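You will see two complexes here that share chain A, one where it goes with chain B and one where it goes with chain C.
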Partner chain A sequence: MARDLALLAPEIAVVLTAVGALLFEMLRLPKVALPFTIVGLLVATGLTVPLLGTETTAFSGTFRIDALGEWAKLVLLPATILSVVLAYPEVKNTEREGTVYVLFSLTALGALVLAGAGDVMFLVLGVLLSSIGSFALVAYPADDRATEGAMKFFVFGSVTLAVMVFGLTYWFGATGSTLLSDLGRLGAVPLAAAFGLVAVLVGLGYKASLVPFHFWAPDAYEGAPVSVAAFLSIVPKVGAVFAIAQLSRDLPAETGWPLAVAALAVLSMTYGNLAALVQENVVRLLAYSSIAQSGYFLLGVVALGESGLAVRSLVVFAAAYAAMNLGAFAIVLLAGRTLRDFAGLGRSRPAAGAAMVVFLISLVGIPPLGGFVGKLLLFGAAIDAGFIWLAVVGILNSVVSLAVYLRIVVPMYGQAKEKPDSPVPVAAVWVTALTFTLGIGLAAQVLLGQVT
Partner chain B sequence: MPPQVQQVLDTLNAELPLEGYLVVGAIMFAIGAWGALIRRNAVVVFMCVELMINAVNLTLVAFADYLPGARGLGQSYAVLVIAIAAAEVAVGLAIVLAVFRSRRTVNVDEINSMKG
Partner chain C sequence: MDTVGQQLIIAAIPGLPALVFFVLALFGRYIKEGAQYVAILGVTISLVFSGFALYFVATGEPIDFAVNWIDLGGGGAFPMGVYIDGLAAVMLVVVCFVSLMVQLYSGAFMEGDKRFAWYYAVINLFTASMLGLVLAPNFIELYFFWELVGLCSYLLIGHWFEKPSARDAAQKAFIVTRVGDAALFIAIIIFWAKTGTTSFQGISEAAQAGFIGGSLFTAAVVLVFVGAIGKSAQFPLHVWLPDAMEGPTPVSALIHAATMVAAGVYLVARTYDIFVQSETAMLTVAYIGGFTALMAATMALVKKDIKRVVAYSTVSQLGYMMLGLGVGAYSAGMFHLYNHAFFKALLFLCAGSIIYAMNSYNLVEMGGLRRRMPITFWTMVVAGISLAGIFPFSGFWSKDAIVASTFEEHYYVLFGMALLTVFLTAFYIFRAIFMAFMGEARTQGAREAVESPGIMTGPMLILAVLSVVSGLVGTPVADYFADFVRPSEFAVETLGVEPHEFSIPLAVVSVAVAILGIGLAYALYARQPERAAALARRFSGLHTFLDKGWYFDALYGATFVRGARALGRLVREFDRTALGGLVGGVGRGALGTGGFLQRLQTGGAQNYALFILLSVLIIGVIVGAQYAFLVVAIIALITIAAFAVGSRL
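Up next is the complex of A and B:
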């Protein structure tokens, strides 16, 4: 028991951070809640480092402490910190400022639970925990658009969660166990196995905003504060993708999961990029682009069990994706939400403009940036696992995505307009994100040696 | 007691097979899902989702009874699902209230200004 609790130290630190920040909010001290949240999450990140390399489970096999779970903490907790910093200029001096920081911590905890799930109950709990906080975060501004986004997000989420729990019940009935490691027994009961697989892909696909469960994403992102959109496009999404990975490792191949996941990958990449091509609102454009990026993630999931590169590629791409996507959203917060707001940004704010170009070409996957290394590994893993056609679809989609991101870059170097404000927290976030985007690309060799 | 009555009583007292519970659960789930898809009032949609979740609970406890090896796992899973439904609906109703305050309607068709 004591050993299990020690293994969960980072998660416990996140919970304590959230509770502490909530206390400060109750005492009407939001200015303390913000630094408390940042420090608490940093401590949680630090507590993860000694766990690296541990491959074990806690609480009778229900929670996994493995490479996926550990690296999820190392990627998602810093991403949460940056989202919190980004949120500060948007929510400061509003009525319940402190609760926003608390909800960020709790939602991140849900994503961590998903990434380390070793039991179907943890999957359900993780989806719920990472959803409930997100609904409230989206609805926070309480205006027409925010509540509409939250409403669509919620209705869609509650239905998909019910479907997921219903399907998982049949897995429980067929195996007599809720542990993911017992899913191997499903080979004997194909009908229950298929039913549960469809249901769990609906539930987790919703969280990861995979096509065709993505309808909520553009509306929720558009209605939400930009920092919340950035957070939603990274933390719960990576958590859900890693949960699909945890699940797929134990599913017997005869359930057909590799093909089902590959189909979702093709749909998400293709539809995400094509829909992004026609958006006028940059937040919606990035929402569709993040749907496409979840498709790329699935290439690594498909390769699990077949290729030694799979876990590595997932982790590296998650880190790169978190950095570049957060950076892009930070620039949106600085410049404005429509393509017209980006006109002349490259001239009026040369540094921020150049950073935006770096984030966008990293999202395309051009060397030597972080996004390139991540995608290279993902395509490599897919080819290694025999899914050459899937890698080809991925590469073609990367070419299409170049056109998507150029739609933002081109007006940036047109006629200059008035200089947008650049609040210090926003600048701090994009500079950090830029450092990581470049750093992951350049230090790929070092990083690859460490992720096993 | 006439034998026909005795026969009916015996049938009623006999243990139902697992399939009976599963079929009822599936029907409840289907009714809930159908309602969630076609009803336009957000509060009614929530009620339909509750029906779906309760279908899950019925199925779970039926499986738990049928699988003696699972040692109460099914029941604890059902308790978890009940807690989830409660937490979800609490946030959901808060969102519906916020929507109603800003738009004076809870019709999901009218709450659709963002498209694309």
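Up next is the complex of A and C:
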């Protein structure tokens, strides 16, 4: 028991952070809740470091302490911290400022639970935990747009979750266990296996905003504060992708999961990029782009079990993706939400403009940036596992994605408008994101050497 | 013999321009016009070091060293390193030299530009990327710099981003070359998956040992070539290069002479050992090259924009180089790349000089500049003669070697195309020269033009000298170039080509054809310009067809660009309307949450539920496809039906 609790120290720290911040909020001290949240999450990140390299489970195999789970914490907790910092200029002096920070922590906890799940009940718990907080975060501005986005998100989430729980009962019926490690028994009962797999992909696909479960994403992102959109496009998404990975490790290949995941990857990449090509709103454009990026993630998932690169590629791409996407959203917060707001940004704020270009070309996957290294490893893993065609589709999609991201870059160097304000927290976030985007690319070995 | 000192010198060749980039990018706003001195100092040292590298290679073994960038343990590694043989050494010198000339010239040409320091910064990053590309011993490192070159070209072509046409051209160049890049990347990944290595040498050896072969190997090699097609602007990805003329003219000189477009040809030469193992790939290279040479030459015939004439000429000349490589004339192809670098850079600098003097690109607005700008005139004539391939100018030696090789290797169709291209080349370049310099001045601008300053004519004169003599290192009497830049013994054995013998009859024919072209241009444009105009009117259909570049832009615009956008809109509309009531409502009207909930009850939510279940069906089909396709489909269908019915009750 004590051992199990020690292994869960980072998660416990996140819970305590949330509870503590909530207390300060009740005392009407949001100015304390903010630093408390940041320090708490930093401590949680720090507590993860000694766990690196551990491969074990806690609570009778229901929760996994492995490379995926540990790296999820090391990537997602800092991403949450940066989202919190980003949120500050947006929500400061609003009525319930402190609750936003609390909800960030709780939602992040849900994502961590997903990434380390060793039991299907943890999958359900993780999806729920990361969803409920998100609904409230999206609805926070309480205007019509936000309400609409949150409602859509909520209705969609409820239905998918119902489908997921329903399908999981088939697995339980077939294996007599809720543990992921017992999923191997499904090989004998193909029908129940297929049914459960479909249901799980629906639930996790919704969280990871994979096509065709992505409908809520553009509207929710558009309605939500920019910092929340940034957060949703990274933390719950990476958590869900890692959850699919946890599941896929134990699922026998006869259930057909590699093909199903590959199909979702193709759909997400292609659909996301094509839809992004015609968006006028930068937040929606980035929403579709993040749908496409989830598709790239799945290239690493299909390779699980077949290629030794799979886990490493997922981790490296997650880190790079978190950095570049957060950075891009930070600049959106600075410049504005429509393409027109980006006009002249490269001239009125040259540094921020240049950083945006770096984030965007990293999203395309151009060397020597983090996005390139991540994608190189993902493609390598997919090909190693025999999915050459999937890598080809991914590479072709990167051509379309260049056209997508150039749509933001081109107006940036047009006629300059007035200089947008650059609040210190926003600048801090993009500078940090830029450092990591460049660092993960140039010093990829430093990160790779740590992932086993 | 690779001492540490030697390695440092090699590393400094691309390192110095890269350093200059950082210095100028960070402090450019303080240095301002002084940026040019920093930049020129950097590239001069690089040039000297490249000379050392040439000396090292000429007197010893190829230089080869590497360190691991990414080490995947058992999964292999991606090294970063350096490999310099004769080919790479010559390229280093050419790139540094042309870059130096362009940077000297730019000091005057770009004077007063708002982003003067930034311009020099990017030019240096561009040079550094190209030098890095030349040094690369493996595909991943090459791809690294390959993309950087593309990125820099985007920045340089779009340097005057106030002009919408410059922005569009930059974007077009980036995206079109990116198509080639994607193909190259696919090829790299295939090679890596099948052979476990990305080094050129390693892949060639693995292919010889049979680790990869058959149609997959051919496909991969052709994909590498598609990458080269994109960068070197060969058919059918040539459409970006003429538009790239929107950039400052010295940039065009750099892009066209030594960097960027040369990268594609260099890639084929660098990976020649891999290419020769696939006959299909070699034939593809030869025919694409031959066809591009002819096609681009016809496009250059009617252009009114002097820079576009020269731009199409580059596409055409690159086609020659590919043709040479494709038929096995490795040394001849690379020799042409080397000679072309000088005379093409010169042609662009001459065009830039005219533009500088009279602020117009249009040949129709020129005329009579011979007396106003004598240095520009004579240097351009020298470059033109060299391009046309007249004995004994440098272009003659390499072009003749390529044309003769097609004949000797019995590719008679290609030989015919190459010879026709010789004629067209001589015609279009002298058409441009006669229109610009001969006759009477046709506008006020042309009457008032004055010769450019010495800092511009200086580099032009140096290049003019080289355009005459650079070929002398590769004459049939003493062919130093072919001894130094030669294919590996493996390639020679595989191809089984005879060493090229200089053939006087063939040389006479090709020179005669070129002189014929010049003569026709003289008759039509210097003697009787009105006859040329009459001809254009008489064959106006053909004239427009050529002027529009065979309608490639229109074709691609209608299919790919519009197609992708239409698909995107379709997808967007689907997202918007598939969910019907729910989307249209709240937020736009004054309905508020109450109205929203009402909607929810009256039908919006079913759309969601139905859609999700439809998606369940899709995934169910995919999952079940292997063994229980029908069962899953039926179950999902029943579920959907149950929900649909249930929600209506």
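In this section, the second predicted complex is superposed on the first by the 452 of 452 C-alpha atoms of A that agree within 3 Å, B and C clash if a C-alpha of one lies under 4 Å from a C-alpha of the other, contacts with A are read in each partner's own complex, and residues count from 1 in each chain.
One rule holds in what follows: a contact is a pair of C-beta atoms (placed from the backbone, for glycine too) under 8 Å apart; a residue touches a chain by one contact, two chains touch by 3 or more.
These numbers come from a predicted model, not from an experiment.
K.L.:
Counting residues of chain A touched by each partner, does chain B or chain C come out ahead?
P.N.:
The larger set of chain A residues in touch belongs to C.
K.L.:
Given the touch rule stated above, what does A:124 touch, chain B (first), chain C (second), both, or neither?
P.N.:
A:124: touches chain B, not chain C.
K.L.:
Output check: A:159 vs chain B and chain C. Expected answer is one of first, second, both, neither. What do you get?
P.N.:
In the superposition, A:159 contacts both chain B and chain C.
K.L.:
Using the superposition on chain A described above, determine whether A:351 touches chain B (first), chain C (second), both, or neither.
P.N.:
neither
K.L.:
With both complexes superposed on chain A, which partner does A:424 reach: first (chain B), second (chain C), both or neither?
P.N.:
In the superposition, A:424 touches no partner, neither chain B nor chain C.
K.L.:
Using the superposition on chain A described above, determine whether A:5 touches chain B (first), chain C (second), both, or neither.
P.N.:
Touch status of A:5: no partner.
K.L.:
Could you say whether A:368 touches chain B, chain C, both of them, or neither, answering first, second, both or neither?
P.N.:
The answer is second: A:368 touches chain C but not chain B.
K.L.:
Applying the touch criterion given at the start, work out whether A:49 contacts chain B, chain C, both or neither, answering first, second, both or neither.
P.N.:
The answer is neither, since A:49 touches no partner chain.
K.L.:
Give one of first, second, both or neither to describe whether A:218 is in contact with chain B, with chain C, with both, or with none.
P.N.:
both
K.L.:
Taking the superposition as given, does A:148 touch the first partner, chain B, the second, chain C, both, or neither?
P.N.:
A:148 sits against chain B and chain C alike.
K.L.:
Per the definitions at the top, what is the overlap between the chain A residues touching chain B and those touching chain C?
P.N.:
After superposing on chain A, chain A residues 143-145, 147-148, 151-152, 155, 159, 163, 218-219, 278-279 contact both chain B and chain C.
K.L.:
Under the touch definition given earlier, write down the residues of chain A that touch chain C in their complex.
P.N.:
Answer in residue numbers: 143-145, 147-148, 151-152, 155-156, 159-160, 163, 190-191, 194-195, 197-199, 201-202, 212-213, 215, 218-219, 254-257, 259-260, 263-264, 271, 274-279, 307-309, 312, 361, 366-368, 372-373, 376, 379-380, 383-384, 388, 391-392, 395-396, 398-400, 402-403, 406, 410, 413-415, 444-445, 448-449.
K.L.:
Could you pull out which chain C residues touch chain A in their complex?
P.N.:
Contacts found on chain C: 68-72, 74-75, 140, 143-144, 147-148, 150-151, 158, 161-162, 167, 171, 174-175, 178-179, 181-182, 185-186, 189-190, 192-193, 564-565, 567-569, 571-572, 575, 578-579, 582-583, 585-588, 592-593, 596, 600, 605, 608-609, 611-616, 618-620, 622-628, 631-632, 635-636.
K.L.:
Give every residue of chain A touching chain B within the complex, in rising order.
P.N.:
My answer: residues 121, 124-125, 128, 131-132, 135-136, 139, 142-145, 147-152, 154-155, 158-159, 161-163, 165-166, 169-170, 172-173, 176-178, 218-219, 222-223, 278-281, 284.
K.L.:
In their complex, what parts of chain B are in touch with chain A?
P.N.:
It comes out as residues 29, 32-33, 36, 42, 45-46, 49, 52-53, 55-56, 59-60, 63, 66-67, 69-70, 73-74, 77, 80-81, 84, 87-88, 91-92, 94-96, 98-99, 101-103, 108, 111-114, 116.
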